[in-house]
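Two complexes, one shared chain (chain A), two partners (chain B, chain C).
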Partner chain A sequence: MEKFKRVSTYMIFVFPALAIYLAVIAFPIISSVGLSFTDYNIYKNLAIWTGLANYIKIFKDPVFWFSMRNNFFVIFVSVFGQIPLGFVLAYLIYRRLVKRSVFFQAMVFLPTVISTIIIGILWSKMFSPIGVVPRIIQVITNNPDYSMTIMTNKNLAMIPIGFVLLWMYTGTYLIIFLANLQNIDPDIIEAAQIDGATDGQIFRKIIVPQLYGVLVLTSILAISGSLRSFDLIFAMTGGGPAYYTNLLSIYMYNQSFIFHNYGVGSAVSTVMVILSIVLVILIRLARRKIDIMEA
Partner chain B sequence: MFKKLFCLVMALVFVSSISVCVFSQEKEVELTVLNYLDITSPEAKAWDATVEAFNAKYPNITLKIENSFGEAYHQKLAALAAAGDLPDVMYLWPGGRSAEIYKNELTEDLYPFLGPDKDKFVPAAVTPQWDGKLYELPIGITATHVMYVNTKLLIDLGLTMPKTYGELVAMVPKIKEAGLYPILMPNKAAWVMQSCLFSALVGRIAGQDWLDALIAGEASFTDQEFVDSLAFVKDMYDTGLLPPQSIQLEYGDGPNLFATGRSPFMIDGDWRVGALVPLLSEEEQENFELTVFPDIAGQKGESGSTSTVAATGFGMKAGLIGDKVDAAWKWIYFFAGPQAAEIRLIEQGMIPTYIMDLSAYDISPLAVKRGAFYPEHSGTYVLDDKITGEPINILNIGLQELALGNTTPEKLAAEIEAAR
Partner chain C sequence: MYEDTLNTRKERNIFNRFLIYMIFIIFAILTLYPLIWLFYSSFKPQLEIIRDSFALPQDPTFSNYTQAIIKGKLNIYAINSIIYTFVSTGLVIIFSMMASFAFAKIKNRATPFLYNSFLIGLLITIQAILIPLFISMTRIGLRDTRIGIIFIYVAINLPLAVYLGTEFVKAIPDSLIESAQIDGASYFRIFFKIILPMCKPVMVTILIFTALACWNEFMLALVFTSSDSVRSLPVGIFSFSGPLATEYGMQFAALVIGMTPMILLYTIFHRQITRGFAAGGAIKG
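Then we have the complex of A and B:
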């Protein structure tokens, strides 16, 4: 009886959250997977079973693969750019290796509190042929005809976006790392210094091992954030010129809301979910391997 | 007895006066409006004046307006339609971009509402738009291709109006030497090239007969006429007429750059008169002309033709009931009718579809030139009005790839045909 009471109490407390989760997360994901096997007319609420046709269509589309390539670029910038940079900056501030560290910290964190759409439009204006960035280069190089052709280069168009991603999101990781660095007992570092450890040794042998868990967490955050990345790039380039800065999310959006191919859009979203799960599993496996090696 | 009768009469007077008060007051109605407007553009002034005039005329109708512009508008409308949450009235196109809405019968046919008032509009504006129905009441006839010319700048450069494409290309070195764009056509947004230039080029190079055959399914995108039209766009980039920066410039940048003399030519739609007028004094406007792309060697279409389409207007959500229907129609008719047309005529120089005596108005010189533009230039189709879905999107994106040298006219034509 006592056990039943306890379980029913748990159920009462858990039910609202569980119901919301099922309604707004689980149900849309499951129905989206279902839709990906149909040709769905949302206006008439009519779904015709097409099997794997939508998946075959996207796998044959070079724009899909190009979008996936761009997504991997965003993941690369996030995992190997934002996280290490955020970590290093947090370490510099934590060890007070820079003066006016509070100001420095505020400046790095500032972009994360500005609306993503505003940042997208802002950088789009700055990189425009009549914007401030080409103008500065025109003055420096004394070439009045200079324009940023990198933005129209099929293979390089993502690089300016990568720069903006670094500028915008590094602050988030800086705050996460700084908060975790402050949890490290300063006595350990002091003891290491007394034992004659250099700054580099302290960093490699004390700081990094203590933050393995945070590194894995931030990597997962970076990967999942990168895969669903949409707003900044959509506001900045709209996926253009042509499809050179398309991401999977923009490709999915175009398929769903411009071409009205909701089945195809759902297929893309299913691929994104699978990709996200695979990458997170890989990171967890990597961490386990590191833990075994450390032990 | 008299007292009783007096009380009865007084009671009747009281009840009837209350009834008159109650029934004479029109019911308050709230109307949700999804409008196509860049609120930072100079055109916003005319919109505000229109809304103000409507509010004064119909104080019982409250407009709950949401503004959106460009691709964002089309995507929002599609999302709202998909969610079954369309606004009461919405800005619509006669075909192409609004086709999904019409195909799925999400808006009302306006012919029954228009009734005999149909004769008050120019016939071309109130022809059926989809399946024999009129889904939006057009506010004008739109020429999506206009070549704006800064004649003073042209004279200052020692140049004259080009009559042929060859003459236009020959001007490039001199214009570039002066540090200017040969032709200003900001087309970062993919629809601009197709709508404001390519449609007119196809009409000119391939001709109206070929376009009719294409729409009837008797011609193919891989036909030489269409491939030549694509190759022509590529040539405009190769010759430097369209600078590579064009593809990086925001659509909204055009009027300011043109008004400040950054190029002797600007290619855009006729609606840009509305954005240029506030940027130029009346004297300065005398130095600007509206014309079309010069003749192209071997063109099959008519010389001096442009691409035209019955313009946009408001449509009504299907299934509205009660007072909402009346309020929605009042707004739709008001927006296309004489009072709003007068505001747009004065503020933007937009020639209305509502038949009215234009000589009575004191309008800006550029607006007068806009009025004179239409009878001088015959119209061919705007492609995104006649072709829908994936082919038009492949064309829009492909025109950008073509400009960047990453595809060929033949390959692009084949891709469009395959998606048909």
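Then we have the complex of A and C:
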């Protein structure tokens, strides 16, 4: 009786969360992989098995590879831009090298709480002819006829996007790194200073090794976050000019909800999931290698 | 000689300080300037916006805001966003705390499996569920309904909430629960009288993350809504701010309306939000 009561209470407590989670996340993930091997018609609710046809189709599509390239650009900006920058800023605040650090911290972090879609629209206006960026360039170069074409240049349009990515997300990493820096025992640093270690040595030999775990974790986050990012570029350029700033997620959105190729869209999302698993495994392997080298 | 090196070192220090301040000041300007520019531009008539993007409004007007509400239906979108945010956040907090309590304090062999399947949800890309969910929601008639959106928002925010909640409840000493049980308290009583009051900090963290996520969410709302009456603020703002739209003043006003609540929330709760991101941001990113 006691046990029955315990089990039934357990079920009552777990049920609501579990039921919603299974219905919305667990079940669809499995059926997404299945759908990627079919040609699905939503009006007839009919799925015809087509084997690898969807995968072959996307691998032959240059737009898919453009999207992939841009996704790697976003990953690159996150891992080699946002994370180091966030780390350095956090370190400067941690070592109390700036006064009013609460204010500065808030300034770096503030964009994080604003809707990505709003940020995307705001910056696309900033770079557009009615925005201030072209005006500033006009004033600096003393050329009132200058017109900004970077957003419509197929080779350069990713650059402003990279800038906005840095602007938006550096604050998140600043906060994470700062919290972890503050967990480091100050006695260790004091002891090293007494032993005559320089600031550079303390940074390299104490601070960085202590934060390896966090660096790996944030890299994993940055990668999986970058792979699923959609809102910012969708709002800033919509993937344009043409498809030169497409991401895999935008490619997938267009395939599924504009062209109604649900099978092709599912194939793209399956590729995205596999890609993120592979990259996460790579990062973990790299971490292990560093650990071995350290030991 | 000694004096000399001391002097250069001092000079270098001042220079370093200067450089460090410059970096932070540049960041501050880059954050503040676009927001200030957006704010004053939202009071400019269309002609002034086109003529000079720098200038302050010569003839400030509220018409952009009234336009955004009347023509842009921003009031409807805002009400929808408020409903989505409040209801989803409330449900996520209740459901996640219930599950966290069961996972952490009621012994059951299913716990490791169930808990881990929630953790996998943390790494899932939303795109992976988009199409099947779209199909099934269409078939059961939940697409383009408020309930459907709330349903999805609750689900996608549960993994992080269950993780944070369970880890927090685990840290509550068992002895507290055992002594309550000896006094004859049921699990329900223990949950409401002991666990929930102690979980306030983690509930605040969950609240912040879920509320921000629901208020700012775009892609799912874009895919799962098609009529104006159920659209959320981000989708509504996007719908008349496309690259080809030319009513700039109205768009600026809409952007200001969309971002103000979150900026206010941040200025009031910046301590809690920072702490929350330090704890949960490490997972969510």
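Heads up, the rule we're going with is that the second predicted complex is superposed on the first by the 274 of 295 C-alpha atoms of A that agree within 3 Å, B and C clash if a C-alpha of one lies under 4 Å from a C-alpha of the other, contacts with A are read in each partner's own complex, and residues count from 1 in each chain.
Throughout what follows, contacts are C-beta pairs under 8 Å (C-beta built on N, C-alpha and C of every residue); 3 or more make two chains touch, one makes a residue touch a chain.
Everything numeric here is computed off the predicted structure, so don't read it as measured data.
When both complexes are overlaid on chain A, chain B and chain C end up clashing with each other. In the superposition on chain A, no contact is made by A:I83 with either chain B or chain C. Legend: residue contacts after superposition of the two complexes on their common chain; A:F257 is shown touching both chain B and chain C. In the superposition on chain A, A:L221 makes contact with chain C only, not with chain B.
In the superposed pair of complexes, A:V132 makes contact with chain C only, with no contact to chain B.
In the superposed model, A:A267 makes contact with neither chain B nor chain C. In the superposition on chain A, A:G238 contacts both chain B and chain C.
Applying the stated contact rule after C-alpha superposition, one finds that A:K154 touches chain B and leaves chain C untouched. Between chain B and chain C, the partner in contact with more residues of chain A is C.
Of the two partner chains placed by the overlay, chain B and chain C both lie in contact with A:S124. Touch criterion not met for A:L211: it reaches neither chain B nor chain C. Under the contact criterion defined above, the residues of chain A that touch both chain B in one complex and chain C in the other are 42, 124-125, 130, 238, 240, 253, 257, 262.
Contacts from chain C toward chain A in the complex involve residues 17, 20-21, 23-24, 27-28, 30-34, 37-38, 49-50, 52-54, 94-96, 98-99, 101-103, 106-108, 114, 117-118, 121, 123-136, 138-139, 151-152, 154-156, 158-159, 162, 186-188, 191, 212, 215-216, 218-219, 223, 233-234, 237-238, 241-243, 248, 251-252, 255, 258-259, 262-263, 265-266, 270, 273-274, 277-279, 281-285. The residues of chain A lying in touch with chain C in their complex are 6-7, 9-10, 13-14, 16-18, 20-21, 23-29, 31-32, 35, 40, 42, 45, 89, 92, 97-98, 103-118, 121-126, 130-132, 135, 167, 170, 172, 175-176, 178-179, 214, 217-218, 221-222, 224-225, 227-228, 230-231, 234-235, 237-238, 240, 248-249, 252-253, 256-257, 262, 265-266, 268-270, 272-273, 276, 280. Within the complex formed with chain B, the chain A residues making contact are 41-44, 124-125, 127-130, 144, 147-149, 151-152, 154, 238, 240-243, 253-254, 257-260, 262. Listing the residues of chain B that touch chain A in their complex gives 71, 74-75, 78-79, 81-82, 100, 103-104, 106, 179, 188-190, 244-245, 247-250, 253, 257, 389-390, 393, 397-398, 400-401, 403-404, 406.
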